[in-house]
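Chain nomenclature is as follows: A, B, C and D, assigned in order of appearance, with residue numbering initiated at 1 for each chain independently.
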Amino acid sequence: MMDYTANELMVIVAARELRDGESVLVGVGIPNLAANLAMKLQAPGLNMVYESGAVGSNPTRMPLSIGDPCLVTGAKSICSMYEQFAYYLQGGRIDVGFLGGAQIDKYGNINSTVIGSYKTPKVRLPGSGGACDIASNVKKIIVITPHEKRRFVEKVDFLTSPGYVDGKQKWQELKLQGGGPYAVITNLCTMRFDDVTGEMTLASVHPGVTVEQVQENTPWKLKVAEKLEQTPPPTEKEIATLRALDPDKTYLG
Amino acid sequence: MDSAKLMTMKEAVSKFVRDGDTVYLAGFTHMIPFAAGHEIIRQKRKELTLCRATPDIIYDQMIAAGCGKKLVFSYAGNPGVGSLRCFRRALEKSQPKTIEIEEYTHFGLSGRLFAGATKMPFLPMRTNLGSDLPPQNPNIKTVKDPYTGIEVSVVPPLRPDLAVVHVQRADRNGNAHIWGIIGEQKDAAFASKRVIVSAEEIVDESVIRSDPNRTLIPDFVVHAVVHEPWCAHPSYTQGYYDRDNEFYMQWDEITKEHESTMKWIDEWVNGVEDRAEYMKKMPQEKVKKLLPKACMSAPVNYGSV
Amino acid sequence: MDSAKLMTMKEAVSKFVRDGDTVYLAGFTHMIPFAAGHEIIRQKRKELTLCRATPDIIYDQMIAAGCGKKLVFSYAGNPGVGSLRCFRRALEKSQPKTIEIEEYTHFGLSGRLFAGATKMPFLPMRTNLGSDLPPQNPNIKTVKDPYTGIEVSVVPPLRPDLAVVHVQRADRNGNAHIWGIIGEQKDAAFASKRVIVSAEEIVDESVIRSDPNRTLIPDFVVHAVVHEPWCAHPSYTQGYYDRDNEFYMQWDEITKEHESTMKWIDEWVNGVEDRAEYMKKMPQEKVKKLLPKACMSAPVNYGSV
Amino acid sequence: MMDYTANELMVIVAARELRDGESVLVGVGIPNLAANLAMKLQAPGLNMVYESGAVGSNPTRMPLSIGDPCLVTGAKSICSMYEQFAYYLQGGRIDVGFLGGAQIDKYGNINSTVIGSYKTPKVRLPGSGGACDIASNVKKIIVITPHEKRRFVEKVDFLTSPGYVDGKQKWQELKLQGGGPYAVITNLCTMRFDDVTGEMTLASVHPGVTVEQVQENTPWKLKVAEKLEQTPPPTEKEIATLRALDPDKTYLG
């Protein structure tokens, strides 16, 4: 078995979630790598859309920001900022959106705005950007995050991007067109969401990880799926393809 | 045709930017008009309401220099790097002074600008609901959809006093060709009462007229035209120079303290006369590294009938 | 990449147009897809809800041929010439059969399509008030502006079952470059559940990728790609062939009676196999007269970093 | 004094209404000629915007339709249909709009929809197109029309494009951003609108025309301005410039 890092594992597990022909709203870093990896493997017809308005980019380097010039030259299409959000996201054209944040809670709500109170912040974070808009409109939200107690909280300090809010009933009342949180991928496991309650549920533990380890790093009593799975380890092909995508280890370092 | 529009950035800022203005220096990552921001700092404009989806380094600098009273924004980070430390210092510690904030999502803020550009009374959008943001921002309201009875989120139009929009090429009247990430360039120009267009190149009107679909901003919404090569550095201009990602990473170091930030501003903003001097000060091997290889568009035929 | 999208107009209409569909054959004066309209007539589609801001000759023909159940429109004239006589006969005399109408202003109808393309719940707009149109069309409602308390006019999104959009050049997956009058081309494609793109030229993906800002329609909203030169005649394709203004004037004569109209349709639509045969039937000196002189755009540099 | 036709006179009188630097929404035919004439004379900086999305066109021939390719090649800018109405008209960027129609009434309301009733039309006309949108949003509406009794009616059969509706008070209640009807130019005279009531008022009679003639062709008792003017006859320069614009007499025939 090959050696791999926690970041490599997360990227590979995330890439496996993508289906051929889907359209993905891609952020920089890990999600960008996951989408590019899926495209090289099982999803050659993946449509990559960037928040900056670039569609079907063909980057010659790993972009530092979603507005990098390398995402423009050789792209399929480019539109304005309002158009990107209006035609693609609100237009219901995006299947998968990747999100991250400082905190995520048991209903998949994400905080990327503030630690502490909004008016008197302990730590002021960048804010929503497109995150709330993505959460409200994509069919599947996938969150990739390190599994740490300070990130997994029972209730987020500030709800930036709605998951199932306080359960699936509330979500349905909001009449958002999106499908809600779909998977949370960490260095330890993959979690999904209960069909009825919308609560985060341990679905698959990664190689060498125990349920106890996951629970230790999750500050509430985590639900476990009836049929708990074992995440298949990365294949040699997955790892080799991934490393070729980030030879300078900009994101895999 | 009003050729009197052509002026220096110094003249344009002096003539069109006033203390207390609501300003929008446009550009989503791309073509952020740093030269205008620096000139506003040099001319000591204050009490500005600074609007940008992504405040980016440009507003971080203006906040550190004390130009801003309020920030209207949707993502206050240094993309791919981390925080905007000057913004955080103002918000968390009122250093150098306190700053008010008015916050939206990207869709919300770009929507406000679009609604402002097209003078919509208000703009309905599928977002905000369920988020904690609307309770913090009374400008985000709901309206009952008369077709379905469902409550939908709405935002009001944004109509800045001034926009600065950097473009690749414009004619002397301000007809502007823009390509690459077009962001909020067009909406900022149409939404604002006064518009400064700065351009990498001033071209003959015939170049503009050879491709009217490329003209996102027509002359008659433009008040000043500035020929300002390298206006956007450390941001970039597609086809002209690359983003200076290295500087974006350095900014995180530079701004560790307010003092170190002001030292940089005193050297690179107040210590130079204009953008030309700023560029002369830049190591030439660095400038060279930012120049892209040519990659031309396939031309199209408009035909003459 | 689904190369199976490339097909003939006959196949595309057979596969994607169904009786009873709400259709939008796009094009504001420019690039009206007559070849698609003719194929729909040949394949005898019926009970269609025909949507277009300007029904133009194309829907006049489809109405005469009995394809339409309802017309959703904003200007039912022959621009610069006068009436659309087939439309008027259907409305005023139910000949060949009656047609329902649903009427908007240009802003109202293009707004409905924009709202459909961007899935807005509804679209507020500064028009309609004071006009006698809203009382005739219950789809035009008012909503109270939550910021000013003023009643504003709103229209609902339009989401056709099918759009046909003609373009200058597309790759085999449907990424489409469009220039000249872009009308409702993009909005029709994004608003519709099924999309047929026809193109004067099928080009390599690298041509499209050389100028992504020119791509108004990305492949993944497109279901069929048809290589159909001269698709738009007697409308035009900028840079490829001129508008046949002479025919637009002749249409007024041809359609004086329902019988004379049907005679023309039998000869020029039902009497030919496809667009290639239609063009072969056309006097060659007329075709030559429609060819424009070249008038190329100044290229732009996207740069490679 | 030179000979001129009624159409030539109308175009020349209309052209005089345009100021340098104004933006004009131009239709084909007479309004197009008027705008082009003004541009050659007192208003070189006139901004011509067409409903089709073309801005600052430089046509090589007289267009039959506002979507003609000659309005595109060499134009300054082009935008989509929704954008044209949204950014330019609703955006409040247009000073002057020219309108015509089958009927106009004493408050400047225009009918271009139907003669007879809407449900059972006697004559079905093309409908609004952009006319109602233009009337609602431009600072000045200028109507150019032959002065015929069947066109001037006390009340239009169908109100397609609002003038002052039933008087200025109603107009103010509607809170439209436009300035309302500004001038009606016919082969006989120029009429303007009362500042207080919004009623159409004879302002200037064309050379050789009497007030009685105007009244004879207007089916209601037409108000006459206190200071009634005489329209200055076309100058040689106006006529020569105009004829050069339409050498084939496409619109002046």
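Here are some notes:
Operating definition for what follows: a residue touches a chain if its C-beta (ideal position, glycine included) is under 8 Å from a C-beta of that chain, and two chains touch if they have at least 3 such contacts.
Predicted, not measured: the structure shown is a model, and the values here were computed from it.
More C-beta pairs in contact connect the chains of A-B than those of the other pair, out of A-B and A-C. Chain centres here are Cα means. That of subunit A falls 29 Å from that of subunit B. Distance between subunit A and subunit D, defined via averaged C-alpha coordinates, is recorded as 57 Å. Centre-to-centre, using mean CA coordinates, subunit B is 40 Å away from subunit D. Those residues of subunit D in touch with two or more other chains are numbered 54, 69, 72-74, 78, 86, 90, 177.
Residue positions of subunit C with contacts to 2 or more other chains are 119-120, 125-126, 150, 179-180, 182, 186, 210, 213, 238, 242, 292, 295, 302-305. Arrangement of the chains shown, judged by which pairs touch: an irregular graph that fits none of the line, ring, star or complete shapes.
Contact between chains, as defined at the top, is found for A-B, A-C, B-C, B-D, C-D. Listing the residues of subunit D that touch subunit C in their complex gives 28-29, 51-54, 63-69, 72-74, 78-82, 85-86, 89-90, 113, 118, 121, 123-133, 136-137, 158-162, 165, 170-171, 174-177. The part of subunit C that touches subunit A in the complex is made up of residues 1-2, 117-120, 175, 186, 190, 205, 208-210, 212-213, 215-221, 302-305. If you check the complex, the residues on subunit B that touch subunit C are 119-126, 141-148, 150, 152, 154, 156, 168, 177, 179-180, 182, 207, 210-211, 213-214, 238-240, 242, 292-305. Only residues 28-30, 53-54, 73-77, 79-81, 83-84, 87-88, 91-92, 103-108, 110-111, 113-114, 125-133, 136, 150, 179-187, 236, 238, 242-243, 245, 248-249, 292, 295 of subunit B touch subunit A when the two sit together in their complex. The touching residues of subunit A, when paired with subunit C in their complex, are 21, 23, 44-45, 47, 54-56, 58, 60-61, 69-70, 72-78, 86-87, 90-93, 177.
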